[in-house]
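What follows is a short report on a single structure.
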């Protein structure tokens, strides 16, 4: 299609109409499946969303044994319906992209495959059916479909705040982990196997349970010295919970005020629009195209317009 | 009180003063029940507050079986006294409003009905008495009576901060929920039924208990791999608790400083007064009238003045 | 020390120096007990601090039955020594103040009395000895002795921040309480007595345990619906924990920046000194006198100087 | 490497180049072990890091009794290999420093000794082997090796924020501790031994578990009054968790903005470089030398350069 550009003097859109019907059909499919700007695309997204939620609920109901016994046939049929729908979607996604391998080995491609295949395998191999539960990972697609990011506010202060404080929080959590290993080892020496601290990994697990103020109580110190050290760990955990919170809120305030200085209101509005644009390149699946963009900003392939 | 205004030449509101004495009696009742500017209105609010608290305490005492056995007659009589008082209040509220249906189907109208009716039904049908406990919802009225909102500070920075960060926190909690479903499913596969993770919904419930750092301990991972994943979930929960806190405190600081720039001290004082005005339209129950307002800003109906 | 001032021509405070030696002895005692500017006063404070800590540790050791059985005589004698010391201190405090009743019925006066008397009563009445544990309240004096407030930073931003957000946090906690009553009642209806929710107060208690993310696990929902509602309560608790934190940190930042604008560095230094001044009026026990002040700012009585 | 400087006419440090080859060999060793600027130094650090992690994992595996029984010989041999490696490192560290005692009695020196010696002692004395677990403390060295501090951001706002709020948080935690003692004592009086509150220290331990929102549930109030007091403690803990968080985030914001005013971008860049410089004085082990520094800023001893 790029060759058509050669003859083009003024019009830049003639070429699209010269594409053969097969390519058009594929492009249309791409538009429906990967984008959400057309009514058909929106409808597809809504149906997909409902199908994903239905499949998750199905998996949940199946896991409740009393329910599974009662309605086994119904659940099995529904499961097959969903599986076939997802298989069709998976095939359609592969067909409509110019570089199918790029989709197949993308994050969502692998998830889509893993959430479809277990049902087929379960025909030959027993026990693998439980892997259907991996379908829960498809929930991540909800983020893309609902475009939840845009609710997080214009110009993504939150994302910036988290990005800016990511390294700090990582180091912080790493420090928490080291503290957990050290205190866990000490607790193992102090409490010993008879009080539930049967080995160091379990003791470290207990320590994290305590430091994060979760406190299951499945293991709890029984000796006075162990309880004393537990007290120190808890107060430590209570004191340091302030640090990541402090980091994020400070970075958030900063990102917010910096944003205000850097961008005019017009630019912020523009940024917001950028996020709402759902176009997706037919060739390389790149996103975040500008409104009115004619070509993909990544691979130079032409974008669709209605 | 309206008669004083009758002789006013420039007054254009003569009609109001021509209302018959019955309407006046109704208006007075409206003033007592719905407003708190007159001594009678204040007294009514205080009595209502005490009655609500007493009714809650009664329901609580009744639920303690050892107490119920001992003082059954006393509790039953008190319950009837409260129920009749609430019924009278309910009828008075209906009578004193011009558009009773508006009250009946309002939020508080439904709660008032639901907290009165179960006792009557319990005469004919056994077992419905437990619904009396729904009376706890009447506690929400305490907010209106005590006008707690005004303690939250002039110009409602807090409300603005929460409103501004509402969408963000909602998306955030939604993300937490999706993480809970995914991790819950993984934990179900890892731990299995023998360790208490009997089905996926229960596993998701456990995951939320852990992510929110509540940690009941009614279910706890027993396998090393399960404990390892639990560790990741806890540290994740510990790390992300910083995000909503950061959002709220940043928004709060922002709302605070924006407020300072937008409004002069006089305007803030005025806003505060607006919140303290307890007038409530006789016709449409609209609130937040300005001091000295003659007509309802919603339906144009005349407001009362002493 | 007052005699040095006698010859002062312009002094108008001659009367003070005419007090008899008994008053002077009392004043000295007052200075030692209530103030910390003289070496003797400091020594007294340090000894009192050690005595309080020792008495707390004694009470703790006594409560450990295995320890009490072994060292009963030693603990009993130590207990009597501490009690007699505290009694002497109590009497000395009464003697050295001009208005003893003011001390006796002050907060610390009542605590001092309650932490001394149980041991004497235990001679006549068995069982009252446990009240010795009330001595823990004397720990509050540690704050005054160590003057911990000054570590909280010049100009008391923290105190201001807490004071400014006190009403808001109170309303907030009140809202949490109402939510706990409503959700507690619902959980009682849903879970019922067979799952540990034996009555509404217990159900409300469970609800607060959950909302505050403490999560003991002594009571835990067992029905799917109950677990679903518990999930909502937990996510609610997780979301709203952000609010008081946001309030405090915003107020703290505000108090901090306002302070900077309001006061010069000199004034801040002065404020700090004010906090470190430990003088305490002989007559009315008022504190926070300025450096170099001659008279009490509350009752006009002369202050001591070395 | 020093020979390159020999011909320098203006150099006044000729003496250094006259050191005998033995000293040079020691200096080289010092550079490899204590610094990370040379390839050899980096390699040493990476190997040490792997060895420490391997030793921690070994200790953990050994503590799992089922694993220890199966692979006892393998674990024992690996343990000896690690111990001998650590011993060699310990000796090398002592040899390569000019003042060995300074290293031996430094924090890391003591940890290195304690993590090496237990294995040797276990040859003569049984039971001391468990102390090998103290090796977990060597994990602290990871901080130095990975130079994690630099991820915490240029100019150390976080460190400043924590330093600035350290005293406040300490006082705050002290207040929490006093509250725990007082409430713990009250709970001991209220609940008594029959409900798990067997003595005051245990009761105080429970109180800290509750105040910090950990909530193990190993001890839980059973009487209505005890549950009521527990409710107060929990709401208190929920309310005050806001304070340290507020302090840290306010201080962090402050440190951040002060930093911006105080330092130019160039200075911040310089500060960052300072932190990345890993040179370590051969004589006194001082660190944080400036880039291009010739002499130790602490003891004046010459620094190495490649």
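Order of writing sets the labels: A, B, C and D. Residues in every chain begin at 1.
To be clear about the criterion, a contact is a pair of C-beta atoms (placed from the backbone, for glycine too) under 8 Å apart; a residue touches a chain by one contact, two chains touch by 3 or more.
Keep in mind that this is a model prediction, so the values were computed, not measured.
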Next item on the list: Touching both subunit B and subunit D: give me those chains, sorted by label.
Entry: A, C
Notebook entry, point to check: Same residues or different residues: which describes how subunit A and subunit C meet, taking over half shared numbers as same?
Noted result: same
Check: Degrees of rotation, nearest 5, to put the Cα trace of subunit C on subunit D?
Finding: 90
Margin query: As a test of understanding: of all chains, whose mean C-alpha position lies farthest from that of subunit D?
Written below: B
Next item on the list: Using mean C-alpha positions as chain centres, tell me how far subunit A is from subunit D in Å, no decimals.
Entry: 35
Next item on the list: Just give me the whole-number Å value for how far the CA centre of subunit A lies from that of subunit C.
Entry: 50
Next item on the list: Scan subunit B for residues touching two or more other chains and write them down.
Entry: 201, 213-217, 241, 245-247, 249-250, 253
Next item on the list: Take each protein chain as a node, join two nodes whenever their chains touch, and name the resulting shape: line, ring, star, complete or other.
Entry: complete
Notebook entry, point to check: Across the complex, what residues on subunit A touch subunit C?
Noted result: 213-217, 245-246, 249
Next item on the list: Write out the stretch or stretches of subunit D touching subunit C in their complex.
Entry: 167-168, 170-171, 174-175, 178, 181-182, 184-186, 188-189, 193, 198-201, 203-204, 210, 213-217, 220, 224, 227-228, 230-231, 234-235, 237-239, 241-243, 245-247, 249-250, 253-254
Next item on the list: Within their complex, state which residues of subunit D touch subunit A.
Entry: 56, 59-60, 63-65, 130-131, 133-134, 136-137, 139-140, 142-143, 148, 151-153, 158, 161-162, 169, 173, 176-177, 201-202, 205, 208-209, 211-218, 241, 244-245, 247-253, 256
